[in-house]
Amino acid sequence: MSEHLPALQVVIALTAAPLVMMMNRFPRLAWGVTLVTCWATLVVAVLLLLQVSDGSVIHYEMGGWAPPWGIEYRVDGANAWVLLIIGLVSAVVMPFALRSVEQEIPADRIGLFYSAFLLANAGLLGIAITNDAFNIFVFFEISALASYALIAMGRDRRAMLSSYQYLIMGTVGTTFLLIGIGFLYIMTGTLNISDLAMRLPEVTETRTIRAAFAFIAVGISLKLALFPLHLWLPNAYSFAPSMVTVFLSATATKVAIYVLLRFIYTAFGFEFSFEELSVAWVLMPLALLGIIIPSVIAVFQEDVKRLLAYSSVAQVGYMILGISFATALGLMASVVHLFNHAITKAALFMAVGCLVYRLGGVSLSRIAGVAERMPWTMAAFVVAGLSLIGVPLTAGFVTKWHLLQAALMEGLWPVAVVLLVISLVATVYIWKVVEAAYFRPAPEDAREIREAPLSLLVPTWVLTATTIIFGVWAQFPISAARNAAEALLGVPQSW
Amino acid sequence: MTWFGLYSYWIVVVLMMVGFYIVIAQGNLVKKIVGLNIFQTSAFIFFISLAWREDGTAPIALPDVTEYANPLPHVLILTAIVVGVALTAMGLALVVRVHEAYGSIEEDDIHRQDEQQ
Amino acid sequence: MVSDAALIYWAMAVPLLGMLALIAASRWAVLRDALVVVTAAVMFGVVLQLLPRVLAGERPSATLFELFPGLEIAFMVEPLGMVFALLASGLWIITALYAIGYMRGAKELHHTRFHVYFCIALFSATGIAFSANMFSLFVFYEILTLSTYPLVAHKGNEAAKQGARTYLGLLLGTSIGLMLPALIATWWLAGTLEFTPGGIMAGRVDPAVGTILLVLFMYGIGKAALMPFHRWLPSAMVAPTPVSALLHAVAVVKAGVFTVLKVTVYLFGLDYLELLGSTDIILYVAVFTLLSASLVAIQKDNLKARLAYSTVSQLSYIVAAAMLVNEFAALGGGMHIVMHAFGKITLFFCAGAIYVATKKTEISDMNGLGRRMPVTFCAFFLGALCVIGVPPLGGVWSKWHLLMGAYDSGAQLVVLALIISTLLNIAYLIPPVVRAFLLPPPKGEETAGVREAPLLCVVPLSLTALGCLALFVMAGPLAELLRPYLSVAGG
């Protein structure tokens, strides 16, 4: 059994998806099966992480076909970490989904909704676990197609249009990725990433490989919403159903970043990416612009969901910034931020989901004075918001601290200053929400509202507490991220 | 003559640009999807042409055949075509829903309606 | 024998436990108010337990947890921290009594909420006092800022919100924007943030960089209210008077100057400080603040605003003491934390008592009030003399040492400034007393009989006024307690 864990990681969700679709007439049953599936996925992810925590690597030949002909699943410290993020977020978001989805999605589509959710989940897991470049493309499309459907189910009619825009940009991105993979295949005759890593050094001098790198980098950058290719993200996150926003914001961009890491570190190799192509000189300016501009835009947003979506674009900038330092410490900071930002932003979007559940919308004027009537929800928002800002003893601080150290180690004082100034900007936009909820009087005609139901509140607080726990007990994420960084770099580091 | 010998790649490039241009420049949601299809198809042709070998036949195991095209890209593209069809269906379905909601499939028109709200 | 760590944790846990207890008892006003006083008394008792150990030369310490290697939340009680913790917890008892009287007398609302945040503020002040490294101190510093914000905004009206926003904005802005970068840079350059006698910078940090770090730290510690980042202090005066009294005469502002002393002595080290170009700059900024805040204070007619600017001025005495870099000045700085705390809290208590009894806030309205409230104004007089530094009140000792320190350092300009400032102190603190006792009350206002504020207001302010007197005699033991800190500072 345990040797099939890598396959189970994807297969459980993939097989549950059609089953859930057939249960469309029984929404609660569909929800239950999805919940169990997600929890099983989390268990598998935890088991895999434990197995590779000593730096070992799990190889799994799909269907018994040996690589490089067959598809290989390969689990090391890096993707086990990403699998855990996906597993954790989906497991926590499911209890939250029950009532949130019942309210936002018509009853006759709930089964279909969960089916699409499972497909998106399976797709993301597949991207993370597979060691086959073309397979990555396929899983990208599976998760993307399901995500388009999920986003389009938002109540606002603009959800449809944002989903459409996401579809266009996403497809362009994955097609770029496909073309890049084609170039790699011409030159090496293999699609297996480990195999590519061995064969590419012989042909790195060619223009074809450079073109391949460019296509792949641009394609993935579209998917991970790297500034200025992020235009799809704010709309998609603002109009999607609450539960979808929580899930996608915490996982979709993170997985894309993982794929970028996998290509530039494992497939192309550190030397080629950073020394021959100097990719850092492209990534760093984009990352810095991507941190600064969306943060400033976020300050001027009236809709809390949209505000947080712009903040997500900025946070992607942080992760790319860590990569652009081209050091082990920077890489580790990025990898730990994958996790820390996932739990922080998921907690924030869940708190927003609670507000949406009671208020129907989250413009700043609508949430005025809401803290008095929904104190627990807003308290969760404040705590998770502190983590987003990067206040000590929250998960966000752990990331910021390591990013700053990485910047200083390279002597990049101006970058460190930018990071700190942008923390202040983050304080401003979180404060805007807090100010509205706590200090503005509720509108005269406000409906009588109560605190969000426990089934929404408990998951929200579970994640909120997690941001504190991993802010205080930082050894776990740090050691896991170090393990992941070593797996990507391929050599043990002295930290 | 190598640049002409690789004419299929030129076709790929032209198709890709045409498709990409349509995606960017067209305001009509259906036409955007048409453009996207052309764009994707160019990638498919690219894969198929890289499987080709001089004097090779179709990759079918026959006793007297020693030179045949690489079957793997064909298989991959078969998958990609399926994905492409699904995407087109998804995109068109969205366009239908957008049309129901807005009564238009022109992007400018839709944005104007949203702003008026 | 209770272990050191247990005592430290208890000192910090008591206010939190007290907070929970009084939330539970929020329905029974009398029980709740009693619990506040009991909590304060128990906390003071626990802190007092640490005193003999510190006097015996021990340094009780405890590590709560390690965030990652080298960065931990840890505590170590050294003399300066001991003094600060004793001061904050001791005055809390009196303030708790006063607050109960004031909140009832002035008919303020939300008593439970008020006391809850007070408990958190005391918890974080103790954390600041006991912090063993700059990171822990920073964390508690921020908790203190956040927990006092609701206290400043307590009234909930537009003015309170506006004031509270300035308060939070300036304190958070300076600490995150200036102190945190300085802290990170220090960690990066020196490899540690541990408070070490003699400092951690010498030999590790280029004095040129140190010069910049000093400026970042001194302005980053916004609670020390160096100009131009002093605006939060007057804005915070919208708070109910007990808050102004304890937090803005003792806990918050003293946390600021305490941090200044800690940073200069234990992070920079005095020898290293002398190498830095910015030490003199900060010294003269402090002198400027000290004089100009006094000048502003003279023009304020609102009593609390005048006291606020007086506080800004007095805080700069301590910053200046740190920048003078010698033993006398350092002792003066340490003592001034205590002397000014007693003097200023008395003055604030009196301001509150006057408000409760007469609803008067402007000094020009206080003509003849002394006949109505003799005890209050006598106490005010004593507090004022203590702040000015007149024998036989405690304040004289700290000013004396400061003057000696300035003289020793050859900073004649500072000596001159201290003398001028003392004259200015007289000019803004004595007129209210003169008006109250010597000027006739305005026509139409009854003068018959003594009508003081409630007993729960008058007794605490009398106690602190007597404290000011007692400190004149107690200065010896206080200096004795601070001695080890001085040997660090002077050596």
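Should a chain be cited, it is by its letter among A, B and C, assigned in written order, with residues numbered from 1 in that chain.
By our rule, contacts are C-beta pairs under 8 Å (C-beta built on N, C-alpha and C of every residue); 3 or more make two chains touch, one makes a residue touch a chain.
The structure presented is a predicted model; accordingly, all values stated were derived computationally and were not measured.
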{"item": "Overall pattern in which the protein chains touch one another (line/ring/star/complete/other)", "value": "line"}
{"item": "Chains linked by the largest number of contacting C-beta pairs", "value": "A-B"}
{"item": "Chain A and chain C, separation of their C-alpha mean positions in angstrom", "value": "46"}
{"item": "Centroid spacing, where centroids are CA-atom means, of chain B and chain C in whole angstrom", "value": "71"}
{"item": "Rounded Å distance between chain A and chain B, as computed from the means of their C-alpha atoms", "value": "28"}
{"item": "Where chain B touches two or more other chains, by residue", "value": "none"}
{"item": "Footprint of chain C on chain A - complex, ascending", "value": "391-393, 398, 401, 404-405, 408, 416-417, 420-421, 423-424, 427, 439, 471-475, 478"}
{"item": "Chain A-touching residues of chain B, taken from the complex the two chains share", "value": "20, 23, 29, 32, 36, 39-40, 43, 46-47, 50, 72-73, 76, 79-80, 83, 86-87, 90-91, 94-95, 97-98, 101-102, 110, 114"}
{"item": "For the chain C and chain A complex, residues of the former touching the latter", "value": "65, 67-68, 71, 135, 138-139, 142, 161, 172-173, 176-177, 180-181, 184-185, 188"}
{"item": "Chain B-facing residues of chain A, complex", "value": "134, 137-138, 141, 145, 148-149, 152, 157-158, 160-161, 163-164, 167-168, 171-172, 175, 178-179, 182, 185-186"}
